[in-house]
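Since the structure comes first, as structure tokens, the remarks are kept for the end.
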Amino acid sequence: MLSKSDVTDLIYEKKRTAGLSWATIAADIGMSEVFVTSACLGMNSLPKDKAEALTSNLGLPQEAAIVLAEFPNKIFAQAIPTDPCIYRFYEIMGVYGQSLKELIQEKGGDGIMSAIDFDMSVEKVPYEKGDRIEIKMSGKFLAYNAW
Amino acid sequence: MLSKSDVTDLIYEKKRTAGLSWATIAADIGMSEVFVTSACLGMNSLPKDKAEALTSNLGLPQEAAIVLAEFPNKIFAQAIPTDPCIYRFYEIMGVYGQSLKELIQEKGGDGIMSAIDFDMSVEKVPYEKGDRIEIKMSGKFLAYNAW
Amino acid sequence: MLSKSDVTDLIYEKKRTAGLSWATIAADIGMSEVFVTSACLGMNSLPKDKAEALTSNLGLPQEAAIVLAEFPNKIFAQAIPTDPCIYRFYEIMGVYGQSLKELIQEKGGDGIMSAIDFDMSVEKVPYEKGDRIEIKMSGKFLAYNAW
Amino acid sequence: MLSKSDVTDLIYEKKRTAGLSWATIAADIGMSEVFVTSACLGMNSLPKDKAEALTSNLGLPQEAAIVLAEFPNKIFAQAIPTDPCIYRFYEIMGVYGQSLKELIQEKGGDGIMSAIDFDMSVEKVPYEKGDRIEIKMSGKFLAYNAW
Amino acid sequence: MLSKSDVTDLIYEKKRTAGLSWATIAADIGMSEVFVTSACLGMNSLPKDKAEALTSNLGLPQEAAIVLAEFPNKIFAQAIPTDPCIYRFYEIMGVYGQSLKELIQEKGGDGIMSAIDFDMSVEKVPYEKGDRIEIKMSGKFLAYNAW
Amino acid sequence: MLSKSDVTDLIYEKKRTAGLSWATIAADIGMSEVFVTSACLGMNSLPKDKAEALTSNLGLPQEAAIVLAEFPNKIFAQAIPTDPCIYRFYEIMGVYGQSLKELIQEKGGDGIMSAIDFDMSVEKVPYEKGDRIEIKMSGKFLAYNAW
Amino acid sequence: MLSKSDVTDLIYEKKRTAGLSWATIAADIGMSEVFVTSACLGMNSLPKDKAEALTSNLGLPQEAAIVLAEFPNKIFAQAIPTDPCIYRFYEIMGVYGQSLKELIQEKGGDGIMSAIDFDMSVEKVPYEKGDRIEIKMSGKFLAYNAW
Amino acid sequence: MLSKSDVTDLIYEKKRTAGLSWATIAADIGMSEVFVTSACLGMNSLPKDKAEALTSNLGLPQEAAIVLAEFPNKIFAQAIPTDPCIYRFYEIMGVYGQSLKELIQEKGGDGIMSAIDFDMSVEKVPYEKGDRIEIKMSGKFLAYNAW
Amino acid sequence: MLSKSDVTDLIYEKKRTAGLSWATIAADIGMSEVFVTSACLGMNSLPKDKAEALTSNLGLPQEAAIVLAEFPNKIFAQAIPTDPCIYRFYEIMGVYGQSLKELIQEKGGDGIMSAIDFDMSVEKVPYEKGDRIEIKMSGKFLAYNAW
Amino acid sequence: MLSKSDVTDLIYEKKRTAGLSWATIAADIGMSEVFVTSACLGMNSLPKDKAEALTSNLGLPQEAAIVLAEFPNKIFAQAIPTDPCIYRFYEIMGVYGQSLKELIQEKGGDGIMSAIDFDMSVEKVPYEKGDRIEIKMSGKFLAYNAW
């Protein structure tokens, strides 16, 4: 029985041998790069038709489509990530987390930004003093309930 | 001798008694909300003239301007934040961190987004199915050096 | 300047000397026991009018009303609680957490129960083989966004 | 020799290929969803006759019935769960744990709610502003012994 | 307002200056040594009349009786105790914990020994090859509920 | 080469298929239940003749006798045990550890109860208000050396 | 009421102002350097007469003698020590701990070296290639009990 | 390719089947017990000729000599050891570490005992009140550099 | 499909059997020792042509060149390294980290030394009182952005 | 009695009011910047005459000279530093630590670089593509002892 992690390995292998990019894998099923990458890494579930399209596009075994549509267990392997590229985001949240809370709650009252009703994009943008990476996140504002 | 944390307390007290917002505190010295809030919370240093303007605007003691311009020790009190509003960002990085790495490096080669040459904004945006919080981050792309 | 924790101490002191119960403190401002207790312990913010009513009912200083209405930093002092009464809930979530996830997602699709748009009650119910404690939780179902 | 974890894998495989739900698996042996799911995940033991019925219903090997009736070692893989659906319950206990203790002990004296003589249910309830998940827990009140 | 920890300090001070023992403090209120010691250390609550008797016997301020009867927050300062005398009990549970589970469940079925409906004693017993410490624990057997 | 853990698996398998109890396994070699169970779980070494008797009684391979008599590495898999039956003992030591220390040292002077020159038993005792589990521990008193 | 830590501070202050050494403090009461130092640091209790002698020799307040003779709570402030001088001993035990166990048990059977019936010395010894520190430890061999 | 850990297993197997002791294994290559044991357990590297002698003496495959002479990665599997025989050394360092630092630095100035230019022995010594284990450590004194 | 860790094993095997050094492996592809070693250990990616040269020089399978050029996940296996040779660097950063920050920021303003636009060398230098190891690091100064 | 930490505060205060730099503080006593800064932060001891010179130069109370010359307890407040400027060094050691070990031991045999007989410098060096920070470390090579 294929696991999420088996399917991730199959996709990595296909990417290496066929020289594919996440950008084309995502575009070929008409979804965003971030979401499709996260689903291929086992952190999200694809809608059934998208899972089948991706499975077919990459020539994966049929069972992979079922696996990609199953609801994942989101396990963070490292409480504090060590890879520098990922750690920088952890650091940003350590440095700016309290400030984000102050501003979200100043703008919306006591509440939070949802991490579930949520989307995100990442782009590299040319800039004279050196290219920049731009991240955009959008999540529904959820107010705390008083009862 | 005033510490960063003493100055943060003075600012919170002024905010409570004068009913100020971070938005106006930042606008009054012509800088962004996220950066000014983070500096007031002791996580960044203000340029000298901005520190003096803020100190004067809020009627803080003169020494506060020196303190706000000093370079901070950025200590994250909690390795894993517990406040739900801040935890959601930790969760987002746990769920999407590996995907961000895949995409940043697919777009730019082996490298990272800087958390130092970096800026960020947060807005609440009206939306028919419920208002949304939108975060934008921009950091310089830094390529790993091979030597 | 009063902190959330100062106000909690004032309420505990008033409870001890006046022999009050959380039940009456909550009923006197027309809100639920669980929510009012959590706000008095600094884990939630009261609506402004409720904060003023509670402050007035208990004879606390005026500033307490402002503090009770401020948005709290929710800090869990212990990652794993040691008090047996609280630990049992941690244990329940350790034992049944994965089962709750399976059933919530079987019933609603890939998603979660909100801990923000959320309410809860606790009652002691007489029962022939020994009284029972009954807890009810209700949270909005939030579906993961695919984009 | 089959382990609890082997049997869990067999059940997941059967669920995937036969398209079963926990609801029907539980109903077919006349027990509750939460308890049966937790037993299938290796966190509880089924009564012998129920274990045999489930094994027979799902067409598992005979040895599975013995395994399902054996007393489990309840190991929580993660001290702090990372899956958002499970984390929210951890968060609820962090935010409301002390309040639950205050109220349980106000209603019953110095004591706790048992996590052993305990049952629990979970339902999705339609609601105009969005469906809600409702959890009910019931545990025997146990008073601390003084001697 | 006196805290549990303040009262513990008062009792230690009285013990040092008056040269009292836990044995006599406990005997004077007609309760066991282990329970009374644990209540004086802030880990249990005394029944109201016993709290008053102890307060009067030791000449503590009146408020101490209220504090000793309040329900405590049982906080273990160290997840792994370092004092050798206490660590040995941690070690015993590490070495024999799984064996105790096997035998309790072999004798009683799937269940546990309660740590709430529980009592304990400790004695030093003369023995030719060197005195021995004898600990006795007794807790109600609680069977897991299947539902 | 058989490891301690291999031998534990062989014993569990024999217990399951032959329907044996720890009580009879221990009685058949004339030793106590707790000690024999702990040795079968790899936490103690059996005397050579007892190891051979147990190996022969259960029909294990000859090498098992050597393994059971070898001195074990006592590794606690979990610093804080999660199984409720074992956790309760951890909790008891957290709640009563300091009290045990006070009483052992009041009775014997500065010293500890040995966990090496040590024995232990566990029984289920019928009781009108519900059966009880009774644990007895006995360890040599060791006085700290001053030099 | 003086605590162990207060007395340690008094001794350090006396050492600084009077320019004393641990060697003379220990010699003046006729005990070993390691033991006396550890008692002054709050990690051991002095016999009553020695505590009085030390208190008198250093001109400490009378209460210090009672405190030095009280049985200490041995709390290790750091699970892994960071001071290089202390860390090296932690490292030695990490590197050689398993080897010491193999050799102690090869020489004495299944058992341990006591850390309670124990003494220790430390000397600096001149040596042509550079002075050496020599540590000697001696502890009673304790055999595991089989029962 | 044989790893350090493979070679350790081969040596343990040879020890079990041939009934060897660490004492004879070490004596046969003319080195100390502690060092040879630590090298066999993968915590040190043997000089090339000694590695060949040991490999030949025990009848291990030729490659083992290369492996035994390779420089090891010294990984401590447990930050806090749980085996009682090893834990006692951790406890000794927790209790006496600060005292050792005080005395080493009183005798030698600001500096440490090297754990690299270091040797150690362990003996069992008969003694009327019970045999004792004696450990001797010797390490070069290294003074901190000021520059 | 070969992983980074498989390729590391292949290189170690080749080093052992062919008696190669990192110095020659690096020199043969015209890059620095530190960088090439880190890439062979899976902590950096080699430029494509260098990866092919190294693969060819060492006679590794073709796929190894692809793997060596892939962007690695930099996972630190131990948050606090235990190997003495690596721990000393951790210790240096613990002891001198705050001093480095003070001096970098005194010389350059609020900012950091990049660990990405970074290079490093290590040499052994003969010295009369004993050879010394010399490490040089160079990283781009990055100033914090104020916005 | 002044502590190391009190003296650090006095020096910071003098630096702020007199606008001093570490560079001049160090130059004025003829020692290196890194070492003097680390001693002022309480991580090293100054030679007696240097401590007196620094105390006199900065106009600190006489007792400060004694304190600056006392041997410090080197406590790392954070096992993993969070300040970005310090974290980058932790990251460098995580990424390159194993490589440094490989190269040090390839050049010198089984051994380490001393962190005690050690010195270090930090400079900002102008460079056309942006200024660089250069760190140099030098420590004595210590060979492991075989005995």
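In this document, chain identifiers A, B, C, D, E, F, G, H, I and J correspond to the written order of the chains, with residue numbering beginning at 1 in each.
By definition in this document, a residue touches a chain if its C-beta (ideal position, glycine included) is under 8 Å from a C-beta of that chain, and two chains touch if they have at least 3 such contacts.
What you are looking at is a predicted structure, and each value in this text was computed from that prediction instead of being measured.
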Check: interface with higher C-beta contact count, H-I vs A-J, is H-I
When each of F-G, H-I or H-J is compared with D-F, the one sharing over half of the residue-numbered contact pairs turns out to be H-I
In whole angstrom, the CA-centroid distance of chain G from chain J equals 30
Chain A and chain G have mean C-alpha positions lying a whole-number Å distance apart equal to 55
Where chain E touches two or more other chains simultaneously, the residues are 44, 73-74, 76, 79-80, 82-84, 91, 94-95, 98, 101, 105, 111-112, 114-116, 118
Listed by label, touching pairs are A-B, A-C, A-D, A-I, A-J, B-C, B-D, B-I, B-J, C-D, C-E, C-F, D-E, D-F, E-F, E-G, E-H, F-G, F-H, G-H, G-I, G-J, H-I, H-J, I-J
The residues of chain J that touch chain G in their complex are 1, 66, 70, 73-76, 79, 115-116
Contacts from chain G onto chain F in the complex sit at residues 31-32, 35, 44-47, 50, 71, 73, 98, 101, 105, 109-112, 114, 116-119, 142-147
Interface with chain B, chain J side, in the complex: residues 9, 12-13, 16, 78, 80, 82-84
As the complex stands, chain D meets chain C at residues 21-23, 33-34, 37-38, 41, 43-44, 74, 76, 79-81, 83-86, 88-108, 111-115, 118, 120, 122-125, 127, 129-141
The residues of chain C that touch chain F in their complex are 80, 82, 84, 87, 91, 94-95
